[in-house]
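To keep things simple, chains are lettered A, B, C, D, E, F and G as they appear, and every chain counts its residues starting from 1.
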Amino acid sequence: MTINEYIEFIILPILGVSIVLVGFRFLMGPTIADRIIALDLLITIGSGIICIYSLFANEPVLLDVAMILALIAFLSTVAFSYYLKKRKKK
Amino acid sequence: MKNRFLGNILLTLVWVALTGDLSLGNFVFGFVLCFFILWIITRGRSGAKYFRVLPKVISFFFFFLYELVKANIQVAIEVITPRFQMVPGIVEYPLSAESDMEITLLANLISLTPGTLSLDVSTDKKSLFIHTMYVQDKEVFIADIKNGFEKRLLEILR
Amino acid sequence: MKTIILRTASNYLLPILLVFSVFILLRGHYLPGGGFVGGLIAAVAFVLHAFANDLKETKLLLKIHPGFLIPFGLAISFFSGVFPILFEGSAFMTGIWYPGKIPVLGSMGTALFFDIGVYFVVIGVTLTILFTISESA
Amino acid sequence: MAILIGILYAAGIYMILRRSLVKLIIGIILLGNGANLLIFLLGRITQGKPPVIDEGANILIAAYADPVPQALILTAIVISFGIQSFAIVLIKRAYKEVKTDDLNEMNATDEES
Amino acid sequence: MIIDTIVGIVATLGALFVLFAAIGFVRMPDTYLRISVTTKAATLGIGLLMVATAIYFDEISITTKVLAIILFLFLTAPVSAHLIGRASYFIGIELWDKSVMDDLKGRYNKITHRLNSESDKNNQEFED
Amino acid sequence: MLIAVLLGFIFSLLLVFIGRFLKGKLAVLSALVPLSLFFYFLKFIPQLSAGKIIRQNYEWVPSLGINLNFTLDGLSLIFCLMITGIGALVFLYTSSYLKGHRYLDRFYGYLGFFMASMLGVVLSDNIITLFIFWELTSISSFFLIGFNNQDPASRKSAVISIAITGAGGLLLLIGGLILGDVSGTYSIYEMLTQHQSIIGSEYYILIVLFIFGAAFTKSAQFPFHFWLPGAMKAPTPVSTYLHSATMVKAGIYLLLRLTPVLGTTNFWNITLICVGGFTMLYAAIHALFRVDMKSVLAYSTITALGMLVFLIGIGTRESILAAAVFILIHALYKATLFLVTGVVDHQTGTRNLEKLSGLRKVMMPIAIAGIIAAISGSGIPPTFGFLGKDLIYESSLQSLSPILITAVAVLTNMLLLYASFVVGVKPFTGKLPENFQNVKKPGFLLWAPPLLLAILCLLFGLFPGIIENVFAKPMLSALGFSADIHLKLWHGFNLILLLSAITIGGGLIIYAFVSPSGKSLNFIEKYETLSPRSIFLNFGNSIHGFSMFWTSVFQNGYLRNYIFTIVFFLVCIAGYSLLTNLNYRMDYASLARVDIYQITLSMVMLIGILFTVFSKSRLTAVASMGLIGYAICLFFVYYGAPDLAMTQFAIDTLTVILFVLVLYRLPKYLVLSNTKVRIMDGVLSLSLGILISLLALEVLNEPVNKEIAEYYAANSYLLAHGKNVVNVILVDFRGADTMIEISVLSVAAIGVFGLLKLRIKTLERRKFSKFKKFEK
Amino acid sequence: MMAQLTTYPILLQLLLGIILMFAWNNVKLQRIISILGSIVGVVVAVVLFISIWNDGTQIVEAGSWPAPFSIVFVADIFAATLVLLTSFAGLAVASFSSATVMPLRLKFGYFPIFHFLLLGLNGAFLTGDLFNLYVWFEIIIISSFVLITIGGEKAQLEGAVKYFTLNILASMIFLTAIAVLYGLSGSLNMADLALKVAQIENRTLVEVTAILFFVGFGIKSAVFPLYFWLPASYHTPPPAVSAIFGGLLTKVGVYALIRVFTLIFPDEVFLRDIFIVVAVLTLFSGAIGALVQNNIRKVFSYLIICHIGFMIAGLGMFTEVAIAGAIFYLIHDIMVKTNLFMISGLIYRLKGSNSIRALGGLYEDFPKISLLIIASFCSLVGLPPFSGFWPKLSLLTEAFKIENYWIVGAILLASFLTLFIIWKLWSEVFWKKSELKTSSSSYLFNHDMKYHRRIQMLAPIIFITIISLYIGFAAENIQVLSERIADELMNPQPYIDAVLNKTEILEL
């Protein structure tokens, strides 16, 4: 079993399952905060997947995407929290 | 002056790391670039005593890793076992750390270990409110952190 | 949103992100990135700063109104575009390259300056929009 | 993928047809995404390498993804960003002036004759 | 081959942590617990995945890049967790009913959003 | 001749600038313009009498075949002299009639403009050029009718007249165009040679209908006649000039001019006879019921116009001659009567026939003019009118059904006599009412022009040779008839004389027994709802109503309906086109190639879409939208587009953030539409979606062309010094796109800035008005 | 340097936009720059026009890359004509804006955006690349969004929401069309596409693509049943903005339709029938829509729609004569519609209202201005021999030749209704006695304005009126021009050669 096969048949599916689980929570909610966390988590896992995919496809270039993902995910979470608070204020 | 210089070198290294090109030209370019960036943004920030704390940093790093893995495993078990063993709650933790930097680092480190989450710092910076999964005894919990994370951290930073 | 934790973190993130943005900008010609993404990252850095601190502080930090960056960047791009017309008589946007290589950047030419112009415009635009919105919010 | 794009278009139009300002913008964004993906798809996507020339090489070799649609989409995305941000602010202002999210109540300019 | 094995192991660990985070995220009974469990587990997991990648490519530029990403992740993840947790508390999301204590209760001044510590609790008036 | 035509235009243009000098005592000088033109045209008489036709060509728009080909022949000459001659008198008369009027200069401007246009109509050989001048006459008429623009009735009449004559003008245009198409030329002169092929053409009926439409509207034939009585709102000089002597004759001119081109068919003749005959009777009867002098004159003018159409319809040489002569007769006596009416009105302040009588005591010259004109208009010897009546009966007796037609003619002429007498005789005979005792005598310029015209009525009657040689013969030859005629006043005792006698006797009896009264006016007004005018106005109203309906159906103010319509339109035509020719071959192999990643990503996207669409919380919708963006981003990664992925991701997040920043200011979602609407929208959206999917699948089956990508791949490093091909395209190969793209961003930023920072409301407006001083 | 002439109109506007942004706070300076810059723009456009007229189509390959691979700017006589007209309208509106747009609006970037709009228009006319055309369209619409909302009054915003949504929808459809066309042919260069599309075997797909283009451009050019955004919004922004919108925005859609359907889709017969149906309904709907309006600017808005029908009808008939008619109408319409909206602004300045019911007495009070306006009205109505009349001749003749009586009827009806509407409007607004008290409104009136502001307001109207009169009275020149354009459009081979053959020369 080469590392590529290993990744394709073990690691990526595990991550896929994780995505599905998180997606499930995203759907369930129940609170907005939960959805925000789910989104954050989705992006984070997404960046992990991209990372592993870059290994799988032998494309280090894709790591940059993972980096941007991580950066922006942070920004979006900050913004959402900001929103939650502002909304409360109102 | 010294702090700026250090920060500058540090940033330059970040630059070099990012570009992945350790040539002299790149270093000089990075230095100049970071100089400008720092020049634009730096405004009176207290620095750290850099060389003295380096060994402590390293030991702290491993301590942290250990805590991290330990906590993670604990939580993993909690997660996969069908019944919840946890006793969650929000604890007010009296801070010894004083500066923003210290408080932030501490709070972040606490957050990073699974099972605990720094919710907020009181406005007068005297308490940290932590949400935790295991709070059988509030005093024990506080003491754990006081003697663990906070002590080691403050040793480094002060 | 003035939590100590976020404020402190963002103060450290800001320079790192700015460096990172320049990095993305300059290597765009060789690897994924470029003026647009670079500019966005720089803007995000300032926005984070603004979220954590006060908008006023971020504006103080910038020293100039972000709106000024827009014509500034446009002008850079524009002149790198018309440069060939003025000095070579060749068509708009014709690339003119400095012969030989320059460390870090690789080749240097009008296209690079064009991208730098894009970078500034994007920073200016993003910040103008976000700042204006948060000011009026 | 083609079907997905179809669904995106359908969802976009459906959202635009609702009477809420917010949904209107969401619909426009969905449509934009659909159009971008369509360019991408019809540029004949191949599961290929990014169109970046390898170190040491002078030209793109092997199966690379078509850079042209990518560049087009990039331009389109950025433009839509500009327009969408304007749109978002526009609805905010419109709401503030007209005091309703219901587009059916925004018909003064057509009614006074 | 050895490198591949190491990569495999590290990546597996990372993936498992991510999976645990995801499971925890689904199972945990309240928002705070979910934040608490997941953000960090996932961060660790992703970190490991990154490390695996770095090992695999074994190239200085990539390694530094990966380190930068990890640093960044570790810097931001707790901050986000803090922000979202705090916001959740603000908007009044309830704790799990089996929670044993809530020191934060009644500490926020509803108007100024000032948060009082234990020590100045007595000097101020509070609302519940 | 170009100058001759343009002179009037130049004159009116000049008036814009020098009008204020011509308003005062110098007003009388403006008559120099028509007067000099009158003499200019007189100059051509010898040449024309000698059988020559004068042509002058100026190129204008040769590529459309439209040139200023001026042709002066016998027919044109009659009109030219009438236009300039009566014009000169009207100009003179006006200088006194509207003395000191604020807008006298404008009035002269319109008159000059009209005169020039009218000359253009009668001189143009090119039928399109003729149309151009024709429209200009309508416009000047519009301005003249609306001259008293403070009066709503006056404005309304002006609009009605422009509507009717404007519509007629368009008919002329289209008729002319078809005629040009059929005959291959726009020159009427050249069309003469193609008479047979034109009347044999399949478009003949169409052409004739269009030309009739134009002529009937302009010359006020039933049922388009009603604008003319309305046009009497214009000051009397205008009624004199346009609405009796010249403009309304433009339709007659057109019919005469085209008789050799389109005439001599049954269709042509019978239609004209019927319409003309009906019009003249209808209007003549209507004249009985009027009490306003101008109203009577208006209906009698319509009668005369009907008579002319009727004569042209008979289509024999005699009837054409009769028509031509009657044009002149009518112009002379009707202009006189109008001018007389004007004076009466001007001096007494009323035109009500019930109140007017015995005015000869205060305005003798006017009384003389009126009575002579009335006699001429009634066809009593030895006036010019008698000559005309003779010719009319002569031609009616030669027509297809002589008895009926002659009877109609006789009856009409009786009624015409009544009308002429009622206006020309009645106000001057009998006792002068007390309130008119002190009426001032009219000035020279008021009484001289009508008297002069009246004298001409007499003169031409006594010396018909002038008419014969100067006008009649050149006119007949211009229209292609033999010019072998001899006009005389006395034909001896014959049937025609008998008819004349009957006419005069009958007419006088009517005059004796019918007197104009308000009662009869009221009586006829009861039937107003049945009149063409009301029908026309009702039709106009229903058009207006329909327009309201149509416009409010489409432009209903509901954005969603607009979108629905547009998308529906797109789906319909694109769907029709695609489905009727669909030859899609399902490629099952491509299905098999779909791998787990694609499926997963698609599922994530689908979930995102469903949530975005159906979520009841805005934040969830926005977050789901973000999710879709992220899934797309992963697609981009999967298919080797890291640049795209980065940008899409960053942009998507920024958009979500923007949303979030403004969202809390916006209201919560409401369920605004009912289920039925939603289902309808859903069906439409889905059909669009299906359409796009089908289209995409179909396109994917087509062969692919990658030459551009290959060029970029080969040259991006070697020539453009970059290794990231996408970036090289963006900043170099297609750098122009990017330049605009950043401009778009800049504009958007400025827009956002302005939108949020600048609010002009009533309050600021008020501030702004204080601002004025700053502005100064 | 002269070799790059084709791009100068674009570059000049871009430069102006940038300079004006630098002069953000100095409104006075902005006015001067804008007017002077527009004068330069006219000079450049005239030089370009003359040089194209004499030497034929010129191209510039941006970046000096060979043709199908680069963005090509092509100045054929059609494009040069429109650039010229744009420069006229631009100059007029720049001056008119200086005088009439509130200083508050000027302080928020009015002028830079105005020049970005002109940039977009020039670019759209000159580009030879389909995607680039999309980008130009985007700068046009974003600029127009900003201009239509600048000031943020309630009516403006309501109108803007509709304007915005429907225009975005159009852009999306356009983009979709580009995607499909690129997928089919692999090219974006219009000349290249002309060759490649002709070779595509699956004509259904080509037809559907053409339909997408038609709907996309159709919304922008405001044809039935896609015009809704126009009457909802055109009367809301400052008149100067409406002027440039009314004159040029819909026309750029028409331009795109004409360009794309003569160059890339010359064989789509099905669409031609649709064009004709659409044209007839457009003429009809526009005219009767205008009939029932009370706001002058709304009347003009509907007339814009109505008159678009003439051009679409010309395109639908698709013969050289008909296209020439459409082009002539386009030339006429750009000038006259620009002028109309400036006039509506002028009326506002004179009387403080745009309501037909309320207005009146203009003729009484301002006879000379009224005469100026009447000249425009005559052009609009197509009163012969004013400018609107000539193209109808070609259109009517051609409609007869192809025996399409619907077109004939629609053209006649639309002409008649336009005539009726305008003269009725005249009788109300100019003749009727006014009941308005000018002092009641807070606007800056004509008589309050400084002398040079008044000049700035009136001069552009006089300028455009003179051009309109020229178009009418020197119709021969315009007709020759239109025929030459139509000839170039119907026989695009020289255009294609000019764009693509140069490639070979370069490669050799």
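Quick note on the criterion: a contact is a pair of C-beta atoms (placed from the backbone, for glycine too) under 8 Å apart; a residue touches a chain by one contact, two chains touch by 3 or more.
Treat the numbers as computed from the prediction; the structure is a model and nothing was measured.
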| item | value |
| --- | --- |
| Length of the shortest touching-chain route, chain B through to chain G | 2 |
| For chain B and chain D, chains touching each | C |
| Which of C-E and B-C has more C-beta contact pairs | B-C |
| Chain separated most widely from chain G, comparing mean CA positions | B |
| Centre-of-Cα separation between chain E and chain B, whole angstrom | 13 |
| Where chain A and chain C are represented by their mean Cα positions, the distance between them in whole Å | 27 |
| Centre distance in Å when chain B and chain F are each reduced to the mean of their C-alpha atoms | 85 |
| Length of the line joining the C-alpha centres of chain D and chain F, rounded to whole Å | 48 |
| Of all residues in chain E, the ones touching two or more other chains | 23, 35, 39, 43, 59, 62, 65, 68, 72, 75-79, 82-83, 86 |
| Residues of chain D whose C-beta touches two or more other chains | 12, 16, 21, 24, 38, 41-42, 44, 49-50, 52, 68, 74-75, 78-79, 82-83, 85-86, 89-91, 93, 103, 106-110 |
| Multi-partner residues of chain G (each touching 2 or more other chains) | 14, 17, 21, 62-63, 131, 135, 138, 142, 145-146, 149, 152-154, 161-162, 165, 169, 176, 180, 183-184, 188, 231-232, 292 |
| Interchain pairs in contact, sorted by label | A-C, A-D, A-E, A-F, B-C, B-E, C-D, C-E, C-F, C-G, D-F, D-G, F-G |
| Chain A-touching residues of chain D, taken from the complex the two chains share | 49-50, 52 |
| Chain A-touching residues of chain E, taken from the complex the two chains share | 4, 7-8, 11-12, 14-16, 18-19, 21-23, 25-26, 31, 34-35, 38-39, 42-43, 45-46, 49-50, 52-53, 56-57, 59, 62, 65-66, 68-69, 72-73, 76-77, 79-80, 83-84, 86-88, 90-93 |
| Residue ranges of chain C in contact with chain B within the complex | 3-5, 7-9, 11, 14-16, 18-20, 22-23, 27, 61, 63, 103-104 |
| Contact set on chain F toward chain A in their complex | 596-597, 600, 604, 607, 611, 617, 619-620, 623, 626-627, 630, 633-634, 637-638, 640, 642, 645-646, 649-650, 653, 656-657, 660-661, 663-664 |
| Chain C partner contacts - residues on chain E that touch it in the complex | 72, 75-76, 78-79, 82-83, 86 |
